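For reference, the structure discussed in these notes is given below.
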């Protein structure tokens, strides 16, 4: 069944956004270090900085943004139905999703890690693997979640939760012996709760994060790509670098001068 | 550009949705069964002669009925282990829903009890039935007949509330639907099918309950 | 405990905003839902079957669908049809449709519980049907519908917690944002539960007070 | 039956059925201004139904009712008869007043509020004037002191008198009374009957269904005996009670106490 | 009053108050086996309350009731009187049968089920035997064909006859009847009165509250007139109705129709 298109302006998204004077960005508010509210109630995190890079490119002002709060399962529908101009919410790039939305260039590559309670029954990845089906792992709800855990721990039981805090809570209340999720999130959490948790020392399942926009508007997609790529390789690199250091506690590799590395 | 509906991805996981529906129904049945016992006890307590029991029943009802079920479920799953009681996710959800439905059913049964004519109770005492026998043989059946329609509504409500179990990873219908969403992002299609299943189940339950009601003698 | 109180103090304004939005969206939807419900109830009670049928279907679909699903539908389906609603508007629309069905059903019940003699007495002094409704039937229906109406209000307060799913910054989402930052899961859920309890008990008491005032005769 | 050209109420060949059962099988009845007519008859003979047809609370299948020369309830044209609109029916209903067996007072309004509702909404009188008329009528039925009481605060007899005031305050051309005392305790019956008698003496036109034979005899200018959906006998009280011609009427009077 | 040493029912100085108002002010009454005693008196004089005290449905503040020599309702020791336990009260209640003005049939049980409940739960009879007794009693009140009907499917008179069968099937020493016809339509009164008369003729001991004077006269071996919580006159029907000594009784009989 065909339904009428929405919000598609005749002159294209780029002109629409420019004439509106602000960028509408879809993201979440409960997942540090990606997107969450700080103690002042402001939306902060790496995804937020990425959105600000785009706004800076549009208006020369990183703050001309209206954030639309959305749950994970609202990311693609909100793009498809035109509720937001762009979504930056740790969207994992997959070919299936690329059939429905357009992915921008990636801005981070993630892996999955296992976090354990310090001094708990299992010391590291090897001990857990040996324990077989006695281990329960808590993860975020996802169709791939079960398979992802089984790739690392083939016999473990899997419990899925709809938010990160519940996933961690399962670990704290002894419902699960390990939590498996994005390495970046785990690292951030362990830093906030120093000494209480340990990393299992095993990471796997690489995945790429991009922003998403609506299909069928090459000018808009190109604009966002330019803005993001130049922040990782060109004139605006210091902004990207500052955000990276702030949220991941590491320094990203400097772009090499000379032959552009993306064509190497 | 157009948004076109594709149900293919949803049909591919239809068996998951069906098993989710069955789990939701099963949880609702168990919870309402336990809740019925709780509700009966609390309802008789609330019209009985003992002030302390009346007070306890009123407290139970107003505490539980005014809390969002989600909070109860989260507490049963995450806080009870800290008190040394560890139930699995099915048990703790069924327990929370039982507690919740018990509070609603208390009100249903209490209304039913109040509608039992006083004269009928006296007639039972007059032929020599004890208080307990009167409650069991005379009051309870009349009350149940009066309460049957509301009982059905409560059951349907509890079945719908089983969707909250998704929060603690019980794989019922809503949980499965949201999983499909995360995968395919076919939100409209998924919810159309899921809500169709909910409505169909509710219609069937309502029809069964009406049938049950008809089979009860009219009085 | 001290750590919790510190965090609570830091989060006081967001939580306060969330509380206001919870109350506001529930109040808005009970207001619109009541207007809708009166129309629905009158149709269900008095309309000929062909006019009654669409209202019956509306009520049965709303009552058979979890509120969560209604909320998602209200957020996305108008957007697909070319009408983009903000999350708060969509949320209030969903809760209004839900409340309209429930209130419609209870207004129908109350109208039908009025003895037929009342309508006949009203007609025999020459009232037209709209006048009969306005001055004789609805005032009596409203009185007996008041306690379940308050219950619907309580359900809406609880149902508004589901608006967090489409990103409405009501109490539960604000609570989850705080938990997302400091991971004090149980403490803040219990705290939110107490707030919900307080609102609902206040609403309950309000209902009882109103009932006492209007229920005298 | 009537000796005037233009009776106030003229019922001609009235037929009414509920589903398949015919309840009124062709009733003819005339009332002139100032008449007080009582209808008596056994249970189920159609007395209430007749009154309800006159007050347009029931649809009827055949015959015609004319009030003060105006045909009411239906309009006929091109060979078909059609029920009038809600608005038209309401206007015509306001020309008759009806008092019901079960009072049917509006429980959410005071005694005065009950009487004022029609005055304000139907006759569109200003509030002060409606209030004055209501108080006047409540005084005439002996309830001046109860104007601001709610129905639940009044005895059955008082409630019925409020209902009478409510009907009469609209200044109807004709008042219909359906067993106005049969839901009352015996002690309260007399106060209501006295009120009705007072109204009759004041010259109102009344059509009364009653089981109180003594009352029918005292108050009526004419008595009508109904039997199985028809008028079986019609005459002055002295004839009906003293020398009934119809065998069933004689039988009815014998089995009725009082 | 009684001419035997050991009356079946002996009420001595019975006092009962509701809150501050004294409703029974010292009632003495004896019944022998086979007596049929009617209590008459104006509304509010305490007749119903007296019956309810005898059936232990009300607590009372003074006096004593003995049934077949056993003091019922209370136990006294070391100067204090204490209400008996629920179980004891139930056992004693089973010795009397009571028929209520408003029938009070169990709506969820058939006619036979109503009669059988006490037989099964109180007398612990096996099902088949209880059923046989129930059918026998239903036949005696003329309802053999209605054993499997629910109360809602029976007329008022039939319901009241089931209630009578329910009370009598327990084989009580004494049957209490409280205005058993006053909730019935006039046509149905006679069938119930005939049933009671049949039972009286079969030798049951009955204590009857009634407003049907003709019936009281026909059926009773003694009539008791109550006035303001006391027994004002007690004697054979001929004396009570023919030559009342008490002035209030004379007045009462004059104002009562029939």
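Worth a mention:
Which chain is which? They are A, B, C, D and E, in the order written, and residues in each are numbered from 1.
One rule holds for everything that comes next: contacts are C-beta pairs under 8 Å (C-beta built on N, C-alpha and C of every residue); 3 or more make two chains touch, one makes a residue touch a chain.
A quick note: this is a predicted structure, and the numbers were derived from the prediction, not measured.
Chains that touch both subunit D and subunit E are absent from this assembly. Graph distance from subunit C to subunit D, where chains that touch are one step apart, equals 1.
Set against the Cα centre of subunit E, the chain with the most distant centre is A.
Using the average of C-alpha coordinates as each chain's centre, A ends up farthest from subunit D. Per-chain Cα centroids separate subunit A from subunit C by 36 Å.
Averaged Cα coordinates give subunit B a centre that lies 53 Å from the centre of subunit D.
For the pair subunit B and subunit E, the distance between mean C-alpha positions equals 46 Å. Separation between the centroids of subunit B and subunit C, computed from CA atoms only, is 20 Å. Residue positions of subunit D touching 2 or more other chains: there are none.
Residue positions 3-6, 74, 77, 81, 166, 169 of subunit A each touch two or more of the other chains.
The set of subunit B residues touching two or more other chains comprises 3, 74, 78-79, 82, 187-188.
Of all possible chain pairs, the ones that touch are A-B, A-C, B-C, B-E, C-D. Listing the residues of subunit C that touch subunit B in their complex gives 60-61, 63-66, 68-69, 72-73, 76-77, 80, 154, 158, 161, 172, 185-186, 189-190, 192-193, 196-197, 200-201, 204. Taken together, the subunit C residues at the contact with subunit A in this complex read 10-11, 13-14, 75-76, 79-82, 84, 87, 164-169, 173, 176-181, 183, 185-186. Within the complex formed with subunit D, the residues of subunit C that make contact are 115, 117-118, 120-129, 131, 135-136, 139-140, 143, 216-217. Residues 55-57, 86-87, 89-91, 93-98, 100, 102, 104-108, 117-118, 121-122, 150-153, 163, 166-167, 170 of subunit D are the ones touching subunit C in the complex.
On the side of subunit B, the complex with subunit C involves touching residues 3, 62-63, 65-72, 74-75, 78-79, 82, 156, 160-161, 163, 174, 187-188, 191, 194-195, 198-199, 202-203.
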